[in-house]
Amino acid sequence: MAGVDGSLSAAPPSPTQSLEKQFDVFKAQLEESGTLRERIRHVVSEIESTTRVMYASLLLVHQSRPTPELLEKAKSQIDVLKGKYNQLAEILGEHPGQYYRYHGDWRSETQTVVSLLTLMHWLETGSLLEHNDAQEKLGLNGPEFSLDIEDYLVGVCFMSNELPRYVVNQVTAGDYDCSRKVLKFLTDLHAAFRMLNLRNDFLRKKFDGMKYDLRKVEEVYYDVKIRGLSSNGESVGDQGIEG
Amino acid sequence: MAGVDGSLSAAPPSPTQSLEKQFDVFKAQLEESGTLRERIRHVVSEIESTTRVMYASLLLVHQSRPTPELLEKAKSQIDVLKGKYNQLAEILGEHPGQYYRYHGDWRSETQTVVSLLTLMHWLETGSLLEHNDAQEKLGLNGPEFSLDIEDYLVGVCFMSNELPRYVVNQVTAGDYDCSRKVLKFLTDLHAAFRMLNLRNDFLRKKFDGMKYDLRKVEEVYYDVKIRGLSSNGESVGDQGIEG
Amino acid sequence: MAGVDGSLSAAPPSPTQSLEKQFDVFKAQLEESGTLRERIRHVVSEIESTTRVMYASLLLVHQSRPTPELLEKAKSQIDVLKGKYNQLAEILGEHPGQYYRYHGDWRSETQTVVSLLTLMHWLETGSLLEHNDAQEKLGLNGPEFSLDIEDYLVGVCFMSNELPRYVVNQVTAGDYDCSRKVLKFLTDLHAAFRMLNLRNDFLRKKFDGMKYDLRKVEEVYYDVKIRGLSSNGESVGDQGIEG
Amino acid sequence: MAGVDGSLSAAPPSPTQSLEKQFDVFKAQLEESGTLRERIRHVVSEIESTTRVMYASLLLVHQSRPTPELLEKAKSQIDVLKGKYNQLAEILGEHPGQYYRYHGDWRSETQTVVSLLTLMHWLETGSLLEHNDAQEKLGLNGPEFSLDIEDYLVGVCFMSNELPRYVVNQVTAGDYDCSRKVLKFLTDLHAAFRMLNLRNDFLRKKFDGMKYDLRKVEEVYYDVKIRGLSSNGESVGDQGIEG
């Protein structure tokens, strides 16, 4: 392998040396990627414990009507989340174009975050928190770090899973009209999802589950109507039965 | 390998002899451990058949209101259990520091024991049998042999799994208020568990199942309320239909 | 939800309309992403059939000494591959920052490509085709579309899997020295990989398999040496039997 | 639940309060156990990287005769390991009787440690490192923290797995007598293991694998003998064939 001409110039590296040099580079790069992953994981675990606190507050809506105080307590955590996503965005900002390389590391937690934000928003307004507004609440409106649409949609499905239980408890507590409102919302949401051409994947499976939420809420609304418990004049339902 | 100088001193053992001697020791120790396991297994199988007797008695609460006689019959077995755990403690007492070595051999049966004790206690008092009280009932308050907290908590989860069926049957039998009482108990229990930072293991999985128990009991309570069957007259329920 | 004051201003959209509008956007974006995936899949399937052609040519090295003609035939496909990767790069170039979003769609095929390129290079030179050189051969040296290091390393592991069979067949054909050369190469490669701190994932699993390749080649080299078949006359081998 | 006599004494805690208090205790205990596990895991990961360094050195015995220098390099890490096990013992020493509770957390790494120690010892002396000597090397001779016998035996099985490859490479390098020595050692070891009454578990499965190591070494010894390659006068084997 030494220079054929026997000149004084340095011999080229042997294959073994060249191999080792190559793998030194790989080692450095794999370690850099491992360190980055560690940093991401640290922030994500903080996001996760923040959502646990928010969820514990929001769970109380199953025991009573959602009071402004209860919502305020959960909402106070949104800025904490925003700070964490800001940290994530900074970390990823050092590695342009690698958002989707590490996306799997915060995906599931972000879906939970969306489910909480959309539930809170629905409790306050009765409508769906839009994708843009969710992004803004989390400060995810940069060009490099945004809220993946599929994650947003999975989060909305998770939020839908919470609604049947909410309706059952609210009706139990005497808020009969709640079933009508939730049914309207879920019916529209389900119809909107049906427009999407979903591939055969996780999102599709989650959406398939929404059908059961809708069915359960329909049954509660049926119970309320058949017993003439709906409070307001809009509903004419039970007349046929009672007449 | 014999002494090079041909002296009178005994030759050191050959590697083969030394190996055999070693393995004789291992054989003795593995057999001792095997015998110990056999003894534990024998007692545990008796614990298991005692819990089967208790469970058979307790199952009758699904068919009628829990009478004192029914509970007495199950309670009479507690002292049998205490005797068995005493035997276990004695066996393990001969092997200090090895409680957790063999723990897996009585773990699952002890979780069942806890589920039965806590169910009986709840039927009598409406509250959760505390860990210390469960230990005392089983005579497990020595320093060497106690009731592992995770086993206690898994047992409590198993007890929770029994409650939806109990509520359904009690309401069927006309005890409408039962659903409210169980719902209160389970809601508190679920909230208390949520405070724990559970690792992603068996206990966490069991706790995740408690959510379904809670949901089911909420639905029974909902049925009772919406039909105006709760005793306190709050609701007006089915009058439209029945009138 | 319409303006309460009945003014002339346009009514804000109802929640249902707003929901539909949102989902129209999602629909468009999911379809765009689906179309992109289709385009990628089309190119990848062409890469896949090109590698099948190359592999069919290279397989012939197991039947005879690798002739220049045989290698030329496989090498002639490299430019075809380069063209395909160029197409992929163009498609992805329209969607900056999304390389890793769709990476899974060409990953496995690219690992196969690397295994073929490194095998050809080894047959010609006896050394490992470096990452940079592999990139250059495929025209993957742009800033946006490059050869992922882990894919390169997995491809190298696949190439290693081919070597035991190659050695067996070459020795059978009388090229006894081949086992020594492959053993040297694989020993160095295995040692270099051991320096990497691999996470417990796909690459690690593939690397673990390299140990068996090494062991198998060692056994072939052993057979050659013990029979005195190696060219350099060191060994005296089978004389007792043959004499 | 308030005092029946209506006295001024403080009311007993409500069931909910009492439940919360209980779970506060559980939370603290689970967290303590979680923290302990973290500390153990930290030390164990250091043990693991030390064994990786040792293994990298020892692997070189496959490429050449084991020189004293090569063994010295690996042996220099034993004191590092001893220090780590000392840390483990200190951590567990704070929690008497809980060795086996956390045993699973260092089990697998300790089996690897034993495989390395016994391999080094065999390379130096040709005999099996005894259990007591292994304990002493690791400073594991305290009453509370010792080397579990089953872990020791599994480690010995792992060491046996390394021997066929070693024999193949040594014979290739011309050390024909190596096969006889390893065969003697493995035959004795296998016979000793056969004396043990192993339950149907992990250790039994590992021991079952030793049969293949023995078979492989027998085949190498056969190759050496049948070709008359064994160097010393002891072996009379081939006479029947050659005569």
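Quick notes on this structure:
Letters A, B, C and D mark the chains as written, and numbering starts fresh at 1 in each.
Throughout what follows, a residue touches a chain if its C-beta (ideal position, glycine included) is under 8 Å from a C-beta of that chain, and two chains touch if they have at least 3 such contacts.
These numbers were taken from a predicted model, which means no experiment stands behind them.
More contacting C-beta pairs link the chains of B-D than the other of the two pairs C-D and B-D.
Averaging Cα coordinates per chain places subunit A and subunit D 44 Å apart. Centre-to-centre separation between subunit B and subunit D, using Cα means, comes to 34 Å.
Chain contacts here close into one cycle, and each chain has exactly two touching partners. Residue ranges of subunit D in contact with subunit C, taken from their complex: 56, 59, 62-63, 165, 168-169, 171-172, 174, 220, 223-224, 226-229, 238, 241-242. By the touch criterion stated above, subunit C contacts subunit D in their complex at residues 187, 191, 194, 215, 218-219, 221-222, 225-227, 234-241. Taken together, the subunit C residues at the contact with subunit A in this complex read 15-16, 18-20, 22-27, 29-31, 34, 96-101, 103, 126-128, 130-131, 144, 149-150, 153, 185, 188-189, 192-193, 195-199.
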